[in-house]
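Below you'll find the structures, each written out as structure tokens.
One chain, subunit A, appears in both complexes that follow, with subunit B as partner in the first and subunit C in the second.
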Partner chain A sequence: MTLTRTLLATTALSMTAGLVSAEDMANEMTIVSWGGAYSASQQNAYHTPYSENTGVTIINDESSAEAVAKLRAMNEAGNVTWDVVDVVAADAIRLCDEGLALEIDPDTQLAAAPDGTPASEDFGDLLVSDCFIPQIVYSTTFGYRTDLVGDTPPTEICAVFDTETYPGKRSLEKRAINNMEWALLCDGVAKEDVYDVLETPEGQEQALAKLDTIKDDVIWWSAGADTPQLLADGEVVMGSTYNGRLFSVIEEQKQPVAMLWDAQIFDLDGWIIPTGLSPERQARALDYIMFATDTQRLADQAKWISYGPARASSAPLVGQHADLGIDMAPHMPTDPENAKNTFLYNYEFWADYRDDIEAKFQAWLAK
Partner chain B sequence: MALTPVTPSSTSFTASTTAVAGAIAGLLVGTSQGNAFLGVVIGAALLAAVTFVALQMREREKPVRWIILTGFALAGFLMGGLSAGIIGVLFGWFFGWFIFWIGETRYRATLVPYLTPGQVLWHYGFRVICGAIFVFLITPILVVLPLSFNAQDFFTFTPEMLRLDPEGYSLKHYRDFFTNQDWQRSFRNSLIIAPIATVISVTLGTLAAIGLSQSHVPGRRAIMAILISPMIVPLIISATGMFFFYSQIGQVLENNLGLSKTFVGYVKVVLAHAVLGIPFVIITVTATLVGFDRSLTRAAANMGAGPVTTFFRVQMPLILPGVISGGLFAFITSFDEVVVVLFVGSARQKTLPWQMFTGLREQISPTILAVATILVVISIALLTTVELLRRRSERLRGITPS
Partner chain C sequence: MSDITQSGPVLAADGKPLKHSLNRALRRQKMRAMALILPLLAFVLLTFIVPIGQMLFRSVQNDIVQNTLPQTVIAIQDWDATSGEAPDEAAFAALAADFKIAVENKTHTRVGSRLNYETPGISSLFRKAGRKAKRWDLETDGPFKEQFLDIDEDWGDPAIWRTIQKFSPPVTSGYFLNAADMQLGDDGVEFRPENQQIYITLFKRTLFMSLVIMGACILLGYPVAWLLANLPSAKANVLLILVLLPFWTSLLVRTSAWKVMLQQQGVINDTLVWLGLVADESRLVMINNQFGTIVAMTHILLPFMILPMYSVMQTIPPSYLRAAKSLGATNWTAFWRVYFPQSVPGIGAGSILVFILAIGYYITPELVGGTKGVFISNRIAFHISSSLNWGLAAALGTILLVAVLILYWAYDKIVGIDNVKLG
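Showing the complex of A and B:
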């Protein structure tokens, strides 16, 4: 079975390789991503070298936040204008299930590591869907104002729920995911039991009850840039956001903010290729993906933003920040010092329970 | 021009009036210092005391006003450095003037003598309310201007900025706007799309308005309603419909006529924006046509002019103000539009509002404020130019502008 598949794949690949030469690939592509510093890091690490090598014009579209909805609409209208799309793993799973994303065979369509390790092993567990090509590991974690927490800076996640020791507002994301897990952790539930408890209506009530204790002190955010702005203003004493945003606040903007890595929640971000592209465009997208997710490119991205490369073989190559010249490894969410206590986000759980729990959470918010 | 001879008013009346003003000023200062109540009390007491002292030396008004000004400036400077000192100067200048304005009953000088105190109060109260509304409208725009010179990448008045320290200010967000490819490309796109969409909407809208103002057109109310509908239907619904409609059109154009994707993308956005702009042109032109004398076209026809000549030589010059203001609305509609372009356009057609929208959502960068400031300055310059040209043409035609 495996043999047949490999054989088939190899034949298909050699056929494609034989049929599609450089002239048959589109010379313009639209890459969709998240914008801001993240897009800038991709521009520097992937787009610019790729354009220089191939002469392809790359257009950036910052629409990843509504990627699923837009891809559905484009597919319905029969007019897919995107070539490569950067999405979080959960979105990739949805798109793959709906047939909106192309299935990828990592071993034939992605570059092997320099030492010959096939891509499927190099990415390992991070290949959470057949359509998903992982790019970075990021985490959602907390940052706090060093000048507003007194002499005892918070060291663990439950400081968020401790309004007596750390008075002031906190900012949390306006959705159930992550907040429910943190609430249960701080309500005495063991880390390995969190999702078992959260499955039950009582568990959900328990999490909301815990969140209720700080509800009056929370500013809810919806865009990744909100918490950095609130921290810089001193409007919140601590807040959750993506670790790369906090890195930028602390190291690039020099704000009096520090990281609280405890119970950071890992998530993945990566590429998908939409289905329904013309053969030339698909060939171009695959060629780009092969280049942009090789070991060196993934390590290069970390020069501009503090997200961990998804390949195991990229980790040793992570160097210094391109402008600041500081070592990036200690700022990675995957660094052993930072990852002492991490929380593993459960995709399957949220795929099954998201709608239900999210509805309860929003109802609680509106109360 | 003094209408009413004035006599000094009583010290107690003056002191209580200025105390109220002082209480309001104290409320502002106290709130910023963290204790509103204390601010009110101190403000009222201070102003009452200053008024008593000042009115003892009525005849030496000039030096007294200078002393008040210096005193407030010093107090402000001691409280919060340079910027507070400047606010102190403003307060000192205002209260120096206000004490004598009330104390010498100057507020009555320009009013007719028979007004009751209530009418006088309303006369000035009305102006204060108008001023407050004006401030309410303009402040959100003005607040943006200094923030765009922020040296930091946040929407925050930093302590350096409040101290008026040059370190706290920089032009880096303007530099970013002029050097960043994304901003430049979207700015160019807006400058391509908005004028073309405006020309199309002005042409079609003016023609439609003229046609619909003829009484013999059947069903003109229904036609009018349909043409105006893009203005009434929620934008998001038009946008969704347009997305599917223009996707089909775009594919036909690309596949059958062999036009490039980029070109078709611009065509789609321009057409969509033209549709949004047409109602504004129709409404303004229809309004101007109400005052248009139909016998002029008959007179022109009588003298042998064809309909086209009549339109361009007689009708058009007379309804031009309506056409221009409709065109301005259409231009602003396209230039400000974010929803439809998000649906219909692809990344190639990213306009300035789209770029601002993603910038706001993904990265709250003051570059947006720099762009906003530039746009405000450009709009002021444009409107001033239009107004100056209008005055010039009126002068040339021998009409004095009102």
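Showing the complex of A and C:
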């Protein structure tokens, strides 16, 4: 009798506990991003104000680097535990293609600009996929040690391939994307022809041959933090990485490093909402997105990190760095002074040729 | 007495044959023992064997083509791949019908990326066609050959159709061939072009470097373990902490520490330059190559070698050595003939541990290996999380698993697995 009563009591208790926690769930969301300074800027600009307004608890997960693989696995297992995911545009396109990301109608599901311009126009060309809600424009570009380049600091991208004028190691990312484009640009291929040339086996050989000229002088990186560390230690004379990382080396850590903006390669980063969420979780994710990608919020993020807001209407609102008090506009990759010669990453091309070129690139690396 | 002289089965007290009763009792015991380990068995099966089996199955699984393009697969069954011409309207119409359904389910791009592994460019063909196919009416919008060629003239390229035909069976050897730097050519299996061959090199390098790391661990670990086993226990315990301390430190911290030590502007190079042993312009390159990986991994795996050696050496009575010497053996003979053979089980256990851990190592080679010091596991990780070619990753993983099992078997044949002791 006592046993039955205890059992009943525990069952009742655990049932209420289940109910309470289900209610908790409704006020909780998991947001996936890249970690580090980037997640901190999102915490300050989006998460904290959103939590204050709504009382929602936000759990941060730093898995963006494996987001596509993990979302695919979650989808196969039928248990998606993420609510909003921060991914680069190429990954968003893949997720959208595979039906793993929710399609968004920008004009009804995203906030209009303060002057009433619909979101589809405000984001413009940056809406590269039906599922992708752009957040920032970032670029992969070079930084160099000002004390190691003598009296003639490099002004153009081909300095990377000029080991006579600029002796010393360079750091490049351990993958084909971006490096192949730069190699062709510096091998005399015109900017508009780069992808046409890269499409052919001869063009791929040409790019690898150009890279071969500096192969012994390259340290290959795989994490965004590698180049800043190598520059700070004086291990390399110049190296490629994301412009926000270089900003923090130059302005926050005051290292003798400067930006080489020439032929910077623009890319986009933004949100997607996974498919397969329960209706209330999806509604909450959409509500968050509506808030976090409005004009003011995108401009706010630039107070903490030097990535350009993806909305045209946010650009005039970009102010000063929250801690350093310096103007952020000149540090944006999209600033006219920095964007004199830029290169646009071709999503379609890399979706097709990535596996093939990557295989050749890795085989070349291993030789 | 009469029982013994009687022929027939021996009976138990309850009159049943003794053999049966015994068997039943034994069976019951076995069942009880099984029931005890059943939770563990179920756990291992569910969390280890089933997922690994599933992952390995992906290395041959290819039903995606047949499931997504069922009508096309049938339509091009009899198409002559050597004819040099794309198939006729019937095949295109079947493809259009398949696309209509696939686009609805968003599966056409998955097939596209599957086939893109074999023939680059198919992925975008499928994506582009998918966009148009959404609005087609199958009854009125034909002929579809023109429609497809309108979208992209590459649809008329027989190579595309050959790929679809070649990879329509539900089981494929494509991933395994790729993992061995080969491909399914038009005249059977052939090697990939030389500028795409990478995996055999990586497998060889992984094996070679794991063996070097294992050897370095034996050479460095043996004297340490000997010292630990032969010092008075107070001193030995202090030394043991020195072995265990790095063991408890995070792997990433230890790897990063090696970066600080080995890089060109690092501690070792700075010291050498300061001592005047190395000129400032010609600092040694000790990281982002094989040397860096071997040094860092030897350091990280050393405790796995020392600990089993130590626990085996502890059980060797020191009196044996004294006895050998009192019988006239030199120090070396006493060590080599008496002590060393008894410590071999420890070396065996340590070697297996270190080798098997090394062969699947991922994070340390990734951080300090540069281009020439990376292992096959780095490529597996790349295909799992970045290129999403899970089939190829599974094939590479299967090969690695089989290689380890073969080596284990060879070890058992040569040294004998009974000759391995952890203590």
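Convention: the second predicted complex is superposed on the first by the 342 of 367 C-alpha atoms of A that agree within 3 Å, B and C clash if a C-alpha of one lies under 4 Å from a C-alpha of the other, contacts with A are read in each partner's own complex, and residues count from 1 in each chain.
Rule of thumb we're sticking to: contacts are C-beta pairs under 8 Å (C-beta built on N, C-alpha and C of every residue); 3 or more make two chains touch, one makes a residue touch a chain.
Note that the coordinates shown come from a computational prediction; the quantities given were computed from them, not determined experimentally.
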Side-by-side fit of subunit B and subunit C on subunit A, or clash: clash
First, second, both or neither for A:R72, with subunit B first and subunit C second: second
Touched partner set for A:T81, first subunit B, second subunit C, both or neither: first
Contacts of A:E348 with subunit B and subunit C, given as first, second, both or neither: second
First, second, both or neither for A:Q253, with subunit B first and subunit C second: first
Which of subunit B and subunit C A:D233 touches, first, second, both or neither: both
Partner chain in contact with A:M290 - subunit B first, subunit C second, else both or neither: neither
Overlapping segment of subunit C (options 37-45, 271-279 or 397-405) - the one that collides with subunit B in the superposed model: 271-279
Doubly contacted subunit A residues - partners subunit C and subunit B: 65, 233
Interfacial residue positions of subunit B with respect to subunit A in the complex: 152-156, 182, 243-244, 247-248, 250-251, 261, 346-348, 350, 358-365
Subunit A residues within the subunit C interface of the complex: 65-66, 68-69, 72, 94, 97-99, 169, 174, 205, 208, 219-220, 222, 233-235, 348, 351-356, 358-360, 362-366
Complex contacts: residues of subunit A adjacent to subunit B: 28, 30, 32, 34-38, 59-63, 65, 73-74, 76-79, 81, 223-226, 228-229, 232-233, 253
Residue ranges of subunit C in contact with subunit A within the complex: 105-107, 109-110, 116-117, 120-121, 123-124, 127, 195-198, 201-202, 263-266, 288, 366, 370-372, 374, 379, 384-389
